[in-house]
Every structure is written in structure tokens, then in C-alpha cells.
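We just call them A, B, C, D and E in the order they show up, numbering each chain from 1.
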Amino acid sequence: MLHVVSFLVLFPPFSLAFTADEVKNLTKYIFATNAYDKSLRPASNQVSPTDLKVSFNLLSINKLDELEEKLVTTAYLTLSWKDEFLTWDRTEFRINKLTLPQNWVWKPDFVLKNGFTEFKELGGSFYYVVLAFDGTLSWKPYQVFQSQCSIDVTYFPFDTQTCNIQFTMWSHYTYQVTLSSSSSSVEMDDYKVNKVWKITSTSQNIDNSGSNSIVTYTLNLKRKPGFYVGNLVTPILFLGVLNILVFIIPADAGEKMSYCVTVALGFIVFLTIISSELPANSDSTPYLSKYLQIQIFMGGIALVISAVQLRLRHKSEQQKVYTPFKLLVNAAFCKKFKAKVSCKDKATPVYEQNKEIQDMKTYDDPITYTWNEVSSAIDFVMFWIYIFVYCISTITIMTILKN
Amino acid sequence: MLHVVSFLVLFPPFSLAFTADEVKNLTKYIFATNAYDKSLRPASNQVSPTDLKVSFNLLSINKLDELEEKLVTTAYLTLSWKDEFLTWDRTEFRINKLTLPQNWVWKPDFVLKNGFTEFKELGGSFYYVVLAFDGTLSWKPYQVFQSQCSIDVTYFPFDTQTCNIQFTMWSHYTYQVTLSSSSSSVEMDDYKVNKVWKITSTSQNIDNSGSNSIVTYTLNLKRKPGFYVGNLVTPILFLGVLNILVFIIPADAGEKMSYCVTVALGFIVFLTIISSELPANSDSTPYLSKYLQIQIFMGGIALVISAVQLRLRHKSEQQKVYTPFKLLVNAAFCKKFKAKVSCKDKATPVYEQNKEIQDMKTYDDPITYTWNEVSSAIDFVMFWIYIFVYCISTITIMTILKN
Amino acid sequence: MLHVVSFLVLFPPFSLAFTADEVKNLTKYIFATNAYDKSLRPASNQVSPTDLKVSFNLLSINKLDELEEKLVTTAYLTLSWKDEFLTWDRTEFRINKLTLPQNWVWKPDFVLKNGFTEFKELGGSFYYVVLAFDGTLSWKPYQVFQSQCSIDVTYFPFDTQTCNIQFTMWSHYTYQVTLSSSSSSVEMDDYKVNKVWKITSTSQNIDNSGSNSIVTYTLNLKRKPGFYVGNLVTPILFLGVLNILVFIIPADAGEKMSYCVTVALGFIVFLTIISSELPANSDSTPYLSKYLQIQIFMGGIALVISAVQLRLRHKSEQQKVYTPFKLLVNAAFCKKFKAKVSCKDKATPVYEQNKEIQDMKTYDDPITYTWNEVSSAIDFVMFWIYIFVYCISTITIMTILKN
Amino acid sequence: MLHVVSFLVLFPPFSLAFTADEVKNLTKYIFATNAYDKSLRPASNQVSPTDLKVSFNLLSINKLDELEEKLVTTAYLTLSWKDEFLTWDRTEFRINKLTLPQNWVWKPDFVLKNGFTEFKELGGSFYYVVLAFDGTLSWKPYQVFQSQCSIDVTYFPFDTQTCNIQFTMWSHYTYQVTLSSSSSSVEMDDYKVNKVWKITSTSQNIDNSGSNSIVTYTLNLKRKPGFYVGNLVTPILFLGVLNILVFIIPADAGEKMSYCVTVALGFIVFLTIISSELPANSDSTPYLSKYLQIQIFMGGIALVISAVQLRLRHKSEQQKVYTPFKLLVNAAFCKKFKAKVSCKDKATPVYEQNKEIQDMKTYDDPITYTWNEVSSAIDFVMFWIYIFVYCISTITIMTILKN
Amino acid sequence: MLHVVSFLVLFPPFSLAFTADEVKNLTKYIFATNAYDKSLRPASNQVSPTDLKVSFNLLSINKLDELEEKLVTTAYLTLSWKDEFLTWDRTEFRINKLTLPQNWVWKPDFVLKNGFTEFKELGGSFYYVVLAFDGTLSWKPYQVFQSQCSIDVTYFPFDTQTCNIQFTMWSHYTYQVTLSSSSSSVEMDDYKVNKVWKITSTSQNIDNSGSNSIVTYTLNLKRKPGFYVGNLVTPILFLGVLNILVFIIPADAGEKMSYCVTVALGFIVFLTIISSELPANSDSTPYLSKYLQIQIFMGGIALVISAVQLRLRHKSEQQKVYTPFKLLVNAAFCKKFKAKVSCKDKATPVYEQNKEIQDMKTYDDPITYTWNEVSSAIDFVMFWIYIFVYCISTITIMTILKN
């Protein structure tokens, strides 16, 4: 049918010019004389199905709402079918095609099956359909479709989504109306590029096997991550780095604790932001949320350790350092080794003046351990552990997300 | 009736093929010749009720809005009834069934009784109904229903909700129209799984005993808690742990107070978040809110104690420690016992140099108590009390919520 | 009329069964033969008024929006009146009542007078009215009404509101249509309890004295305060306590100032929350806001005092304490008295070693005052003043609110 | 016309009672017999204009949306005009007036010219118009009008606004329909007082000189400032005071900097709140925003000065004080003068013990300047400068706003 | 055609007054006698196109929604075309023009092609069209258009936007209806100035070459930056200055770290604000966001450096300063040079008393480096680097934005 139309478009003055009176005569002939009944499916044999050719011309993706799981698209459908009662002899009437109001003819009850709203009639009272002499009708309803689209945010913001836009003949069974198409995918000629979603591919699937014919248009969408990388991922990675800095701040600077709490609350704020931007989905969790939860957990551990460090730091210096902490200091600073080698070096420039005291101490306990050193040792060890965990978790998440 | 329809679907060419003219004749016969009046209930005996068979095919739960207490569902109803004036002799007309515009026939005023909006007519002008030769009409209006659903958030986020979707015949009494159904629950064949709510069971209840027939579809919903556990419960438990850390931070670190206030404000922020996500319901309070209130109360107590600790800490050291605090220090650190045993040990390595002074002091007051020790003792005691209260309250709430 | 309907409901088969043909004859008789004109008020004497019986069946309060001052209710009206042109002899037609589409008959232009939207026609094209043989028509339009309701938030959250739902005959004067009712208040048989508002009483007032009849339904609502007490009042009281703690924190702890600012900002946040939840009403201020403003004012004073304390605290110790502060210290700690009594006691255990110096000082200035003591004295005095003001203001506000 | 109506209202039974049949006869006479054509302007001479009397009865101001610059009002219009084809001889028909459905007669296309939405037809299909025997028609459409209103927020929250509600005859030129009114302003009889806006005056302007007649209703509104003074202005003034306190806090208290940042961020938060409540208007800036910007600028300066103070404070004491700072200290504390007078006094009680040292110093540099003193001097000077600037700017802004 | 209309407006009483009966006769003649068919394109030769003259009268820009990329404009179209079947001999009928309801005549299906919503029919049932004796019809539908407009926020808030409003003949091919215009741009006579957007120029483009005629109105908009400069750019620049202050605060003031975190979080808050005000656009990033990201990066570096400084500062003073830091101190303070010159000067006034010690030290290590000096040196160097980077980046961004 499309070929016929385009043929007519290209060669409109097929026959000689025709007048308005001739059109009036023709419409009178096909509607009044033939007693056209627009409620009756236009097939002379009522058990042979009418074939409805459909094509979906996507104009733009208005919105993909992750929260409501709704895809809003602007598109126009091209529907064409053969009305066996609206034919005429073009040699007699010298007219190839007519432009008629849509309400004059039978129309299929073709509806959006997976919509958010009640079925709406396509087109409107001011639409026209184009009717060719062989009864082929062409109708181009322009609509804004709100279709349901199940969103999988696991890989957010590097996610791909598959959205279906499904149409069906609601009241006509397959033995009454079948669907077909001259193209094999969504028509994208007039498509206006979306700034967040890239259409990687589209497909069309027509199913005439069920009780009602169904045509499914599938849009495979890939999110362009730039925006979210700049405004969500980068700040989160940045906050993760702040977590590590905790162990650079010395415990006696009097700022460690408040630093920790501020960073921890910053993380919780970000968790709230992410959870408000994504759907409340208990079936799958975005890896980004999981990453944040790991960071929050690490922040919590850092808080506990910092509090303990403060407590140790303010222990009276008379209290001896417990053995596990001694081992930790040894591990962190190779204290034992240094004590033998470099402490000697350090001792020399002090001009032997406090030699006796030092000797005396070395006698009692060859290496002294202060709580200050313990605190520094904890900082040292935790710093490298946190750098390690941060790198591993970040690389892992990024690898998962990008694939 | 459904059986008749499916029978027709399966064997459409029951008789030989029938033509459009035959259909025209038939419609002319049943509408014009018989003077069909679509405003009249189609029962020849007007005092015997018309039986309306209903079934509710749930397609998806769009939203369960806790704040507005609104359940939005997409579904289609299958309504079928016998129109005694739309029958024909199928041997004579050779046609089994007709597809007619819905506005040609009488339709029951079947409406959503517990809706949020005014009654809306089902279907639409472009819908078709299927009419069988024995007068059985089948109508499948696809709608989005907004029904009221009383939400009980006591066990949030481990709550179960029971939502009713209630339909009634608004203007027809039971002696005019009765309801019946071939199934006993909500039809879920085409149901699309919701990501937050799991349908545990459904039921259907038809009541023809009142003045108007009522059919009630009940959905028993269970919230999938994953999302809220990750984004709400976990941060709250985390904040609860922060409350305990207060008593690890020593009073002289200069960070205790600001730490306390930050945590307390964090709690208040979360209380605000929760109260904005849940309906303003004064009849029942979520256990989660109660838990938060307990935590805030504990945070408040911690604040007061910390302030008092600071005040004690900065008391001039000349001021004597009051007796109750002495007892507290004894209880916390077994000071008396230590004084006798380990103080001796501590004294020895100091090379007897300050022995006299110590002896002298021991004479006056055998065990000295510093304000510093008092502060530590309070920290020690409160730390364990808080851990105890935290564990008890958390376990209690979790046990209540999960059951 | 309601009695007639219920009578009919209870004894539907009053006469023998009647057939659809009889109904057709009857409708033909009353509409066609009698040339029924639905645009004409159905009174044979056009200067005697038609009496419209109304009753308002409240089903639920959907929302009372304080910000927009809007009451949204779901209800159905029961309207009944006598149509003098729709009567028949029931002995002749053997029919007691008919169910007719609402658009077949004259209907009063009964509209919601104090609505938020334009007048909407009641009911809908698919509604039916019930017509009895004596011409009594019964119509039950189910609507969602959005009526204006002036909200007085002075006593929030212990407030009571009085909302009117006002209906009128818009184009018919009282000499054309009058209103009456068989009940004296709102019908609450099917009322579903609201979780925030309790209906304390309802009343109905019919005024036929003006140019147009008006019926006013009044709902007296009392807010259930539980939710707001838990989520708004308690946190505010809690913040008020934080204000008092300012004066427990010693000035040399280095946390007093930041504590103050945090609490003050917390108050401002709460002021913002409250002002966003309540309508921008310059005619009356909620007592809760006033209470908050008092607290903020007290927080501001505390800030200024704390800053001054810090400044005093860091004054060089050589600078003498000014006389007003000396008096303050005397007042707070009974310094003078202590100096004579306990300073002696304190002096003794120090083994007379620094006796001379002390004597010398006592000679120059019998009692020394340090800036530290001044700071403590200010804390002491302000602490009790704040506790006093807090208790008084809280008790006052609570007493006002609860009455 | 209004007089005629009121006359009719007051004396309805002008003639004897008239019956429904008489009304039927009359309507038949004026519509059928006279072949009334409701699409034709009801003037026998088509070049003499129809005069449309309008009056605007304001019922309430629902909302004045500053952000969208939209005024929402509920009002009803009273429109009356003479339909020369709907007249009758009242002696013959014994009827004074008729109540007719609005769709039976010609109506002017009177529309809201400065609306936010497309033109909507006034009234509705269920409205009635009142027709008097001389052809005078009276129509009272009740509407919610959304009109554009240019908001000038310069003096917010003490602003006055002038809103126009403009109606026009869209398709009828002045030589077809002219406008007139019996009143000279907006009718306020049923006006319900608004809680934010006070109507200071109203006016009406009818312009029949253009191609289409235009009637403009002007509302002069004055904001009741109470709410915004309490919730916006007061907190901002309060924050301004916090700015001044910066210079009371001594630099060595360790809280000056964090105090500054907190206050500065508080200001930015308020700037964000105000800019979100007011329209994005680049043509004029509210004085309140300007005031806030001044405060933020002062906060920024305070921050810089505080940071510099901290840096100076932590300079090694050996480093000499630079000359400009010396001058500052002299200016602030009259150091030179004191040095000569009071330093002597201070020296005496120290029992001459450190006399030599002091003499020696006095020799080298008669007056010593410490960095501590410099810091205090800066605080002193800036404190008074800030108080001065704060008072001047606050008084200036308040004076401007209140006028 | 417009000229004809204005001609008619100016000289309405062209002929003598005409009566309603004459109008009735004329309408009867052109509609009934001529059997006007409003579904037929009014051209006697159906293959010669009807020329539709369009003009777009912009009244106001209601909103340019950056997030949804939607331009909302209020405008009225003036459409005029020649209906060859609605002509009469004005000498015979003595009437120049008629005012007719819009539904009586054929209207082109002229629709907004790049709209957000489904096609809406222009005008409404209560609109009138003006018909001249030669068949020229004039129709002025007033609409609110929601058109898609691709927003480029790269230069926000100094951006310019180009928005197209595109209309097309949806069902009529160019050989049926062509478009033309008497003006060459958008009509702005009644345009109400917008407070955010300035219209720099407009243009009109008519394309009759495709299969369907398209007219495109282009609005070139320039944002008035005042509002955003005051409320967004200035605070961001202010925050940038705060970043620099970090290096004025000495490391031992105990406030450096918390200052850094507060500023960093402030930046993240602003990033969130900006990203919520602008569309999620991954194709281009506003320079302002990039600038913010640079600032955040600098803040992050400042944080790391501050933490390291704290760690260095709290190193035991016995630990030697590493060589790179020595070089840094030399670079920052010309230490070596000073040591030789000014240290001598400093030494002299100390009365040679500690000469030996100094000599001794100079022997061992001619210049001593303390960790304190290292910290100061880092501050010094970083301060100037940050000032440099801040100035360069700010000037660069501002230069880019303003052009």
C-alpha cells in the first residue's frame, strides 16, 4: 500500500484534473449508494482475516523514567489495510485517491497493550485518512505512548535497558484481523537523538499465533554515562578517598573523630540520593549501591578504630603498652631492628649527656613502646589496608559496571 | 459464556463462510426489526435478575502509594451476560457470533466502589463487544484502577498489606442484576511481577445479599524488604552504633561533644526521612520509628552525660572527688583492689624516689581519685550499658518486624 | 421518597412480574406520548417550587490539605424530587418503578458552591435514575468533592478544624427549587475512618431564604496528634534541651561555640520544616512556631554569651576581673563565704609551705577572682535561668495547645 | 438588565401562575416558529453592535504563584445581553421569564485574554440562562481563572502586586459586540479573605476603542508580611548577628574558623531557599537577596581575616610585629598611652623583682607588641566595623522594604 | 487575505446595513443550496493546491524547561485560506463578510509537529471564523504550545538557545495544501517580555518541497544571566576562594582538616544543585560543572596535603627533616640566604648569652629545619599555587562563558 501511496505522491496528476463535484459523486457512490457500515469489518467474506500493515515511526524518546519504570515516546504509526467496500473503478471516476475524515470509515481497535493508561483511541476527529481506488486505507496517527518498561539498574550508570512497546488488536481475534509489516524494525528516519539514551538496536516481532495478534517493538537502549559519571560516580570515588585520609590524620591533632563522622554522614547522604533516583527495587541492587555500602562499612570501621586510637592516646603514659600492640608497632616500623641500629645513631649526636638514663632504660626494657607509637602504627597499617581495599573494590566495581 | 467464546475462537468456521451482507442482514434484524432499546435491561421478565459473570485479570501493580493509601493496578475485566433480545437462530442466519461496537448494546453500570476518583464508564467508544447467537455478550474493558487501600505500616519494611478492589452495580438492585464468577480468585495469567510487592494470595468474594451486588477482589501483598533494608534499616543500625562510640572517645580529646551533636542531628534527619515516606498515621506507629525514637533518646542521654563529663574533667584538680563518683570508679576499675596490688608494682620501677610523698598521701587518703579517672569510669560503665541497650532493642525490634 | 425506594427494594414483586414489552410501552407512554421536555422544570404550575430532598453520604476524607486549604472527600449524594410529568397509573401499567438513564430526565443544576474547580455536572452519562410511579426520581451521584476549607493552624498539632461543604442551586431561584432533607446531619453509615482526622460532629443547614437555596454540610474535625507529636513536637523539645546543655560545657573544652552554632542551625532547619508544612498564613501564627522562635532567640543569646565567655577565658590572667563579674561569682558560688571558711581548710593540707604568699595576697585583696571562675559563674547562672525559661515556656505552650 | 432580573426575583408572581404547557408553547413559539438560529448574532440590524454587560464577582484568590507568575482566582461572571430574536409579548403569553439550557441560545465568545491555558468555553452544558420577555439574557458562569500576572519581587516580603484579569471578545469586532458594565470595579460581595494577600483596591477598565472590546479587571494586592517576617527575615537577621560574633571569639580558642565556615554555609543555604521561592527574574533582584549577598560578602571577609589571624597567632613569638600592626594595636587599645601610665601600675605589685628586665626592654623598645595583641586588636576593630556595617545595611534595607 | 480583513475592519459598513434575515438567506444559500460538504477540500479543481496563509503571533514565553527540554509558549495563529465554495455576489446579497462557527467549514489539519503531546485540534467549538464574500476564511486559534527544544547548556548561565516551533499539514500533501506567509518572521506586536529569556531574533521558514508542507518558526533566545550570576556563579566563586584559605590556616590551629572537609562537602552540594537544575545530558557538559569539578579536585588535593601536613607537624621533633622538604623550605623562605644574613642580625640583640649553643649548632648543621617550618613552607607554596590556579581557571571559564 505504501508503494501505492508514494506512487500517488510522485505522480498525483495521474489522470486529468478532477473536480470537487466528481469527488462528491464518488463519496456519494461509495458511502450512500453502497450503504457503507463503518461498524462492520470491511471484508466481504467475514471469516477471512483483514490484514493490517503496521509500521512504527519513532520520533523521539521523551523520557525513560527509572522510578515509575515508564518509557515515554513520541511516534506515529502508519496503519494501512484494505477496505473491500471502499473501492471504485478509477477509469470511471477518474480519481485515484480520496482524503476522508477518519470517522467515516471502519478502523481497527489497535491499542497499546503495555501502557500506563487506559486504552486511548488513536488519531482524533480532525484526522484524515487517505483512501486509494482499490480500497487501501492509510492512517497515520501521531501519539505520545507511555509504555511500561522493566528497568534493570544493576549496572547503573553503565546500564542497558530493553523496552518493549506492544500493540494488539483488543477485540478482534486473529481469524478476523492479522498484523503484518513491510519493515523489520522500528522506523528511525525522523528520530531525534536523545541526550541520555542511545538506541543500539531495534526490532519488531509480529505474533499472529495467539488469539489476538500482537506486534512488539523492542528498543535496546544504552545509557550515555557521561552525566552520571561526572555528578555521581566521581563524587562517590572522591568520598572513598576521604575515607583513606582518616589514617593520615594523627590522633593527637584533635580532628580525627569529627573528620570521620563528617565523611560517614556524607556517604549516607549519597546513599539517600542514589536510592531516591532509582526505583525501589528489591529484586536487584545497583552495584553502585553495593559499592557505597562497602564504603560506608569501611567508614564505620574507621570510626571505631579512630575512637579506640583516641582512647589509647589519652591513656596515662605510665600504663604499659599491651603485648599485641607491641607486635603491631614492630610490624609497622621494624622497631626492633631500628632500635638496635639507628637508635644508636640517634643517641650519638646528643653528646652522651643522657647516656646513663638510656642505658638504664635499655636494661629494664631494651625497647620502649609509647602509646603514641601504637597509635601511629595503627594508622600506618590501616592506611595501607584501606588503600588496598579501596583499590580492589573500586577496580572490581568498575570492571563489573563497564562490561 | 467464556467456554462459548473459546469454542468459537477454536472453531471459527463453524458453519460455512458468511459474508458481510449476511452480517448486515442479521444486525438489521436484531437491532432494527426487533426495535432494540439499549436503555432497557435485556430481560424479557423484568423482575428476574440478569446474571453478570465477572472476572478480574490483573496485569500489573503500578504503584502502592503508602502516603495517599492508594493502590494503582492495571487490569482488564471480563464481563459477560445474556441479552435476551440479541439472539438469533443460527441455522437460519448461518452466523455464530458478531463483533459490535460497545455503544450499540445495554451495558451494566458496573463501577469501582472504593476508587479515588469519580465513577468512570468502563471501556470506550472504540471498544467492541462479542455477541454470540444465544445472546451472550462478552466485554473486556482494560482499565487502570485507583482503589483505596488502608495501609498498616506498623511492621514497615517487613509489612504485609491487604488491599481490596471492590466493584458494585451502582444503580441496579440485586433483584435486577446479580453477580457471579466462574473463577474463585483474581486471574493472574498475564501478571507482571512487581519489584516491591509480592502477591502472596488473592481471593474473590461475591455478595448478592445486600441491596446492590458487590464483588470484592482481595490482594494479599508482602513487601520485598531488600531495598529498604539496604537504604533505611542498615543506615539506622549504623547510626545506632555511632551512639555507642561516644563513650570510647575520651573527654579530653576535645571532640566528644561535637561528635554527639552530629550523631543526634543525623538521627533527627532520619526520623524526618522516615516520616515523609510513610503516611501521617496517628493510629499506629511503625516499630522502626519507635526504634529511632529510642535511639534519639539514648543519643540525648549520651549528650547530657558527655557535657557533664566535660564539666567534671575541667574541674580544678584541687577539688575533691565526691563520694558517689569514688564508688563508680571502684565499681568500674576495681580501684581499691588494684591500689593494694598493682600500685605497689607500679611504684617499684620509679626507683623509690617519690616514695615519701606517696607514703604521705597514702596516709591521708589511702587511694586517690582524680577527675580523670571519674570520667573514664563513666565512659566504661556507659559503654557497656549502651552496648547492652542497643543489642536488646535491636534484637527486639528485628524479632517483632520479621514475624 | 427514600421510604418509597426502600419499600420497593423490600417488596420488588409488588405486582406480578412485568415484561420488557410492558416497560417499553410505559416509557413510550411517558416520554413520547406525553412529549416530555427534559429542559423544562417538571412542575405543572411553574410558579410553585420543586422540592429537592438531599442527603450527603460521606464515604471517606481523602485529604485535608493544610497548604492549599482544600478538603477532598469522597461521598455520594442522594437527590430525589418529584417529576410531575413522569407519573403513571400503576394499576394500568402494573409497574411500580423504572430504571432510566439519567440523561432522559430533567435534573436540577445542583453544584458544589465552595469548590476548587469549575462546576462539574453530577453523575455521568452511564448513570441510571430510579423513577417511581408517582413521579418520584431518585439519583445517587458518587463524586469526589474538592471544597475550600479555611484552616486555622494556631493550635497545630492539637488543632480542630471546621470545614463546610456547600451546595447550591446555581440557576434556579428559591421560588423555582427549594431544598429539604429527611436527616439532620451528614450520613456516616459507610464512613471509613481517617487516620489523621477524627470527625467529632457533623451538621446540616438548609437555607431557603436567599435568592438561591443553599445546603451546608459542616464537618467538625479534630486532628489525631500522635504522628506529629512523635515526629515534630518531640524533636523540637529535644532541641530545646540541647540549648540548655550549652552551659554545662566548660568554655575551655574548645567545643562550646561549635556546639552552639550546630544547635542554632538545627532550630532554623526545623523552623523551615514547619513553615513548609503549614500554609503561609499571616493572620495567625501556630503557637509551635512561636515556641520555636523563643527557642531560637534563647539559642542566639546562648551564642553571644558563649562567645563572650571565650573572650573572657582567653584574657591574660594578669588583667583584673571587673567588679560586676566579681559580684556574679559571689552570687553564684557564695565565694566570699567560702573564702573565709573553706579556703582555710584547703590551705591546711598544703603543709603551710605557701602560707606567706597566701597571706600576702589576702592582704592585698582578700579574695582573688580568676577569669576562669567568672566563666563558671556565668555558666552556673545561665544554666538555671535556661532551665527555668525552658520549663515555663514549654509548660505554657503545651497547656495552650492541649486546650 | 440586572435591574430587570432583580425585579423579577423580587416579584416573581407578576402575572398569575403559569403552567408548564404555557412554557412549552412559548418555547415552541420563540425557537421553532421563529426559526431561531443560535449561530447568528441576535441583532436584527447586523451592523449595530450588541451590548454585553459584564460584571466580575470575585469569590476568592486561590493562589498567587510567584514562581510561575500565575494568579488563580475563583469568580463568577455575570453576563447579560439582549437577544432581539428571543422576545415575546408578555400580555399574550402571561410569562415574564424563562429558564433555558445555555446551549439553546447564541452566546458571545467572551474569553480570558491573559490566561495560562487555551480558551475554555464559559459555563457548561448543564448551565441555565434566564431569559426575560424583552430578550434580555442573563448568564452566570462560575469559573476558576488562571491569569498571568507579572510579579515584581523587589520589595519582597513587603511587596505589592498589580494583577490584571483581562477578558476580550475573541472573534467579534467592536462593531459587532461592545462591552459595558453597571459597576466600576470588581464585585467583592462574596469575597473570602485571603490569608497572604490583602486586596487594597480593584478597578475595571473597558476599552471599546480597539478592533476587539477588552475589559480589564485590576487587583491591587498587598502581601501580609507576618509569615515571611517570622520564617525568613528574622532568621536572616539572626544569621547576620552570627557574622558579628566571629570577632568576639578569640583566635586561640580553636573554634573561630569552623564557626566562620558554618555561618557562611548557613548564608548560602538561605540564599538557595530564597532563590527557590522566588521567580528566576533577571530584570530585578529582591532587596532581601541583595542584603543576603552583602552578608555573605561580609562573612567571606570575616573568613579571610580569621584565617590571617590564625596564621599571625601561630607565628613564632620571636618574629617581630610589623609596623602597620603596631599602629593598629595603638589605635585599638591606646597602647602607647597605657604603656606609660598603667604599665607602671602593673609593674609595682610584682615587687620590683623583674624590674631590670623590664627596664632593659623599655630601653630597646619602649613598648612591646605581641602577636596576641595584634590578633585582639584586629578583633576589636573588626567587631565595631561589623556592627556598624550590619546596622547600617539592616536599617537601610528595612527602610527601603517597608516603604 | 489579511489585507482584505483589515480592509473590512476599517470599513465595516461598506454597503448599507444588512439584517439578520439577509444573513440567514445568505447562509442558507451557501450551505444548504450549494450543499456545502465540510469534509471536502474547498477547491473546485482538486489537483490544484489550496494556499494556506499562516502567521504566528507570539504572546509570551511561559517557560523554557531545561530539564524536560520543553518550550511552552502562548500564541495565536492567524490562518487564512480561500474556500472556493463559500463565495457570493456581494452586490446581490449586500453583505461583505460573515461570522460563522468554526465547525461549519472545512479546516486544514494544521498541527504542531514537534510537540510534547498528541495533536490537538486548533480552536474549539465556540470559535468563530470570519468569511469574506470572495471565500477568504480567517481563523485565529489561540493556543498554548508545548514544543520540544533541544537545550545546549554548555555555556550556562550565559547560554543562547535556538528553539523551533514547527507546524505541518499532517494528512494533506503539498499538492493539496501549500503554506505561505505575508510576514517573514514571528509576529511580536503583543509580546510580553520574559524575565529570564531575551528574544534576540526570530525567523520563519516555509518548506513546500517535501511531501507535506512545513513551516518552522525559530526563536533565538539569550538567557539574562543576572539571576544565576547572583545565586549560583557568585557562591561558587566564593567557595573557590574558601579553597585557597586552607593554606592560610596554620596546621597547629587544629581546624585545618575540618575546614577542608566542610568546604569539600559544600562543593559537592553545589554540584548536586547544578546537576538537578540542568538536564541529564551526557553529550555536553556545562563549563560551570567542569569548573566546579576542577574546584572539587583542588579541594581534594588540599585535603590530602592538609592531612600530610598534620602528620608531619605531629612527628617527634627529634626526627630529622627529609632533604626534599629542606629544599622546599629553602625555596619558600630563602632560608639559606637568611641564615647567613639575618640570623646574624637576630642573634645580636639577644646579648650573646646563648652564643655558644648557637655556634655549636652551626657547626653541626649550619641551618636547622624544624617540621614546623616545613609545614609553613608547604602552606606558603601551595597558597600561591592555588591562587594562580584559581585565577587562571576562573578567568578562562568566565572568558569562555561570556563569549
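We take it that a residue touches a chain if its C-beta (ideal position, glycine included) is under 8 Å from a C-beta of that chain, and two chains touch if they have at least 3 such contacts.
Just so it is clear, the model here is predicted, and its values are computed rather than measured.
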item	value
Those chains which touch subunit E and also touch subunit D	none
Minimal step count in the chain contact network, subunit A to subunit D	2
Interface sides of subunit A and subunit B: same vs different residues, half threshold	different
Cα-centroid distance, subunit B relative to subunit E, in whole angstrom	41
Inter-centroid spacing, subunit E versus subunit A (mean Cα positions, whole Å)	25
Contacts with 2+ other chains: residues of subunit A	254-255, 258, 262
Topology of the chain contact graph, where touching chains are joined (line, ring, star, complete, other)	ring
Subunit C-facing residues of subunit B, complex	35, 37, 39-48, 68-69, 84-85, 107, 109, 111, 116-121, 148, 150, 170-173, 175-176, 211, 254-258, 261-262, 264-265, 268, 271-272, 275, 279-283, 285, 289, 293, 296, 300, 303-304, 307-308, 310-311, 313-314, 318, 364
Residue ranges of subunit D touching subunit C (in the complex, touch as defined)	9, 12-13, 17-24, 27, 60, 62-63, 74, 95, 99-101, 104, 124-130, 140, 142-144, 192, 195-196, 223-228, 230-231, 234-235, 238, 241-242, 245, 248-250, 252-255, 258-259, 262-263, 266, 273, 346, 349
